[in-house]
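As written, the chains take the letters A, B, C and D, and residue 1 is the first residue of each chain.
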Amino acid sequence: MIIVMNGKADDSDVERVIEKLHEMGHKVHISRGERRIILGVIGDVENLASVPFYAFNGVEEIIRILKPYKLASREFKDFDTIIKVKEVTIGGKEIVVMAGPCVVEDEKQIFETAHHVKALGAKILRGGAFKPRTSPYSFQGLGEKGLKLLAQAAKETGLAIVTEVMSVNQIDLIAKYTDIFQVGARNMQNFVLLKELGKLKKPILLKRAMSATIEELLLSAEYILSQGNYEVILCERGIRTFENYTRNTLDLSAVPALKELSHLPVIVDPSHGTGKWKLVSPMAKAAIAAGADGLLIEVHPDPKSSLSDGAQTLRLDTFTQLIKELRPIIQAVGREFALPTEYELERMKN
Amino acid sequence: MIIVMNGKADDSDVERVIEKLHEMGHKVHISRGERRIILGVIGDVENLASVPFYAFNGVEEIIRILKPYKLASREFKDFDTIIKVKEVTIGGKEIVVMAGPCVVEDEKQIFETAHHVKALGAKILRGGAFKPRTSPYSFQGLGEKGLKLLAQAAKETGLAIVTEVMSVNQIDLIAKYTDIFQVGARNMQNFVLLKELGKLKKPILLKRAMSATIEELLLSAEYILSQGNYEVILCERGIRTFENYTRNTLDLSAVPALKELSHLPVIVDPSHGTGKWKLVSPMAKAAIAAGADGLLIEVHPDPKSSLSDGAQTLRLDTFTQLIKELRPIIQAVGREFALPTEYELERMKN
Amino acid sequence: MIIVMNGKADDSDVERVIEKLHEMGHKVHISRGERRIILGVIGDVENLASVPFYAFNGVEEIIRILKPYKLASREFKDFDTIIKVKEVTIGGKEIVVMAGPCVVEDEKQIFETAHHVKALGAKILRGGAFKPRTSPYSFQGLGEKGLKLLAQAAKETGLAIVTEVMSVNQIDLIAKYTDIFQVGARNMQNFVLLKELGKLKKPILLKRAMSATIEELLLSAEYILSQGNYEVILCERGIRTFENYTRNTLDLSAVPALKELSHLPVIVDPSHGTGKWKLVSPMAKAAIAAGADGLLIEVHPDPKSSLSDGAQTLRLDTFTQLIKELRPIIQAVGREFALPTEYELERMKN
Amino acid sequence: MIIVMNGKADDSDVERVIEKLHEMGHKVHISRGERRIILGVIGDVENLASVPFYAFNGVEEIIRILKPYKLASREFKDFDTIIKVKEVTIGGKEIVVMAGPCVVEDEKQIFETAHHVKALGAKILRGGAFKPRTSPYSFQGLGEKGLKLLAQAAKETGLAIVTEVMSVNQIDLIAKYTDIFQVGARNMQNFVLLKELGKLKKPILLKRAMSATIEELLLSAEYILSQGNYEVILCERGIRTFENYTRNTLDLSAVPALKELSHLPVIVDPSHGTGKWKLVSPMAKAAIAAGADGLLIEVHPDPKSSLSDGAQTLRLDTFTQLIKELRPIIQAVGREFALPTEYELERMKN
């Protein structure tokens, strides 16, 4: 950690900061420049994280050298984390497609979608039973009934499940049905929830909040990891910017950045990331080209009748088209995708 | 609601949208322009909120005319909501100052602060017992011990209490001690929490999330109001922008905007809003000049030793100075502030 | 155009707006709802663009249906604009790579770079002679000397040139040397400059300003087109957001969005878009996967000694690596890239 | 300057950076920590500004200690810059009101406005003759005819003039009429223009660009100052954020921040800052409470017929009301405002 004293700091100001550092058990290097005095503390400065040096007279700037997260960092663990769920591995050579409706509505909808996406190579079925909606007057999900439908569709197709948890008191119920817990963007800094999820033995798909920096996303992952659950999947789903043509601005540069800073798998949600179904396919392809380990895609047999996020949802046929366009990109980046047989592809057309 | 069909929409596209509108029980006005067809639905269109018209062929734009919130709007209630807590009224002519440390640390800290801010006219004591911290390695609060200290300090000074609730399972415990529940910025869209708070009989101080629009803040208030709790205090505390000199960008224009759109009281937190104690005083004055009903200020007897947010915290003497500078502004905008006696002010100096 | 009158608007308020619309030569459709009155004006409403309806009593919202740009829109021209510069076509099936140093420094630097990028399939040489620098104390470019070096390197290699113009009074000089004029992000709304460039017969590469919406970028293109110069190349180069790990946030969703809204070619600058050379390659690949027509890449034989933007600049060998990784992506999206011979690739390694 | 080497940097990486620093004439302090090596360069490091250390192997972070601007900083000049224009001083104890229409339209409009604002204590008349408009189809100003009308109205009322310059080739013409040159937000980084304005002997009102940080605003001021023109007035006019209820987000915390960092006067434009005339008055009051030295306000006798920005423009009577509300705030912060006589105020009502 480096503490820069401003030009007006006098000796007693400097002395008081040094005293505090000594009190906390640190050695201090002092560099006196013409216009600034710089204090350097080398080594493990964790216990200084909460010391408000800006409240000391004469302090101009505090510069922390080490990253504030550890378990999530590549420095802590130099090889990629690979998460195994049922027969699929996330974070390895395989590209994982998680697909399904925004929210589970009825048996027909979820079974039809499950069969379709399964045939096209998806390995994980997504679908919301508890939905965080901006307005209290919007459809909030079917609750346990939705979870049951999801579990039945997954069982019949052999898909694994990912579904959203919004609150600590939903954990036990959802744990009975899901393979992966999803933490939505609005709960990325619901620290009480993160801590409880850290005590589970199931993977957590953690979505970046719409105003979270890359560092904050990794700190939220750290909450889960530090409780003993090492299976966290990071998800870029668009950040909030001034641009309003798209629902969010999908920050694909976060993909290589996260892969560089962390060993955790990174997937991309181009549905929420753009808010427009026509942009889902180009951005899905771009995500894979940028190095993502997988995709989270909203698919619905009839988006026109869907109860949530229909504007960004692919139909079954447009999803088929996406997978077709995706395959050469996956090959181009040297990744793998368990392709459905030609028979199955043919069947999809009918 | 208005639906704009794009230039390429054909008759059957238009027909399908109209059919859906009829199916939902609405009359449709059709305006055919040279390059666009516009469908207007007049009246109460709540049941259309979840229909994903963008998923229909040929739909270019959906324009909702009515605000998506109701109970929080001035149209619903044309006079200001005034909330009474102990002897203080929030939202009336009086300017309410809520002050105290970011987090309750020990008896000396909270009692010393409580006595000081009370003497200077503050009516509500703030202090965190459960703290949402970005890093899992930061101090997370004293829990119930903190609540007890807060309650004792409040009792001795006659101040009311506001403290943060982070999760549904903390509500019962906190309700035993606090007068007002605070929902922090990171939980503004924790809808499970909002719904539960809507069932209480105590006021809720709802902070704007760092990436929430004014409309989203009002929709979150609507979650609480729609459950039957009409006592919501809105709080502007800075939004996240590209500027990094300040911790957040305090959006003071939200104050007159919220007062125009809603009947709920609006207060401002210049401590989190700026992140720098030197900016707290000018922004507190600006907030009152812009029409705020009150302020939420971080004060600590010794910010240098505080365990959280010391950089933005006022010392007792700088808080005294703030109140002195604030008084003429409060008078200038025709508001009131229950001033401490000269004797008390004198005592503060020693 | 649609004008929404608020709930408090009385008959005379409505009358005054209608009068104004009649005065401007328009027919008005009136829809009276329970809580709002809506006025619709169908047809060409260009002459209403400057009428400040918000200044009329009772007006709640103005909704413009038609896009404010025309010549740049797909509605105006339904087929892609293809721009031919020397032997390269921009906006067709071919992927165009524009590469070179941020700023021209000396003969060795520009010639070495030119030969290298040429051998790897680049068709256009970039290099700044006049540089907009945030600080007045940074190197501002070599001026005409830089243009001359650029022209010599281009001549020797057969590459075309793109270089930045910052001001109207530089146009004549730069026109003597360049094939394409680049308008930098900071000048995207320098309307005096745009108008003058609209009178030229050379293509304009128009970079998106760091806080410009997609619509504003198209309106700036419209400035050029409306003066008679139809050869505009749009360039996404990152927008400014709260994220500070990257220099800018590269908005790749702008690529398919611009291709949908406009017929103009779209290229991407991953160097400025990320600010970090390690992210250039993944984002270049993602840009092509998203549908970009080309790339603008900073390359320098020795970034460590470069006088500008060294942190985001590729070395010759990392540029070679980029092209190798790019080729399969280009094929995967069905585009073409004039590949260098194996002999040349081999030569590059030495 | 501090250079942090990452955990993987080896001795030769460190050596190469040190060599470069020696080559540039600097002494280096080396601190070896457990996980990082930190190189400190003390003293004047201007010549390192352009060295791209990030391009060196093993460099993790570059931290610049000194501010990149000098002449604009309080360290360079510790007392406030006061600018005298005709009889008004800007940056002193007096609050300066600059008011007038967005754009000069005709004689009646500008004379009526000039007389009105003069009578209410404004000292400077604003009005555009050359207007930067987002769309090429919007009214672009009257040009020299507008300047002439402005000059006549100023002469008759004794007001000084501020008007916008968009391009170097307009400087000579505008200089014949104006007292202060305004640089609009879109030209804040038009460095060619800034340099030319730095050679003039007239004050420059420099508006913050909508995506400029406080530091970038000061660097743009530095461009002007470094050419010898020390009379720069900084203007906060709102930044671009995700919030779209207001046209921009008026960043009032920039006012005390700029006053702390710089000696230059700071004014606020609440008209562009909010885009809504109803918010102008509360934000004007807040600006003064936050410490601004003056205001730039759009006023028009008939905003409904104005050719630009009517939605954010005050009428003559609402401007009168603003001044009445402003007076007590000005007194509350201990500033002065040359009040019009009661006779004049009375006259305004009629």
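By our rule, a contact is a pair of C-beta atoms (placed from the backbone, for glycine too) under 8 Å apart; a residue touches a chain by one contact, two chains touch by 3 or more.
Please read these numbers as outputs of a predicted model, since none were measured by experiment.
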{"item": "Chain at maximum distance from subunit A, centres defined as averaged CA atoms", "value": "D"}
{"item": "Pair joined by more contacting C-beta pairs (A-D or C-D)", "value": "C-D"}
{"item": "Mean-CA-position distance for subunit D and subunit C (Å)", "value": "27"}
{"item": "Geometric centre distance via CA averages, subunit D-subunit B, whole Å", "value": "31"}
{"item": "Interchain centroid distance [CA atoms averaged], subunit A/subunit D, Å", "value": "40"}
{"item": "Residues of subunit D whose C-beta touches two or more other chains", "value": "211, 240-242, 244"}
{"item": "In the complex, subunit B residues that touch subunit D", "value": "211, 213-215, 239, 241-246, 249-257, 260, 273-274, 278-279, 282-283, 285-291, 328-329, 331-333"}
{"item": "Residues of subunit C defined as touching subunit D within the complex", "value": "20, 46, 49-56, 68-69, 132-139, 166-170, 186-187, 189-193, 195, 209-211, 216, 219, 222-223, 226, 240, 276-277, 303-304, 306-311, 313"}
{"item": "Partner subunit B, residues of subunit C touching it in the complex", "value": "2, 4, 7, 29, 31-36, 38, 40, 42-44, 61, 63, 65-66, 75, 240-242, 244"}
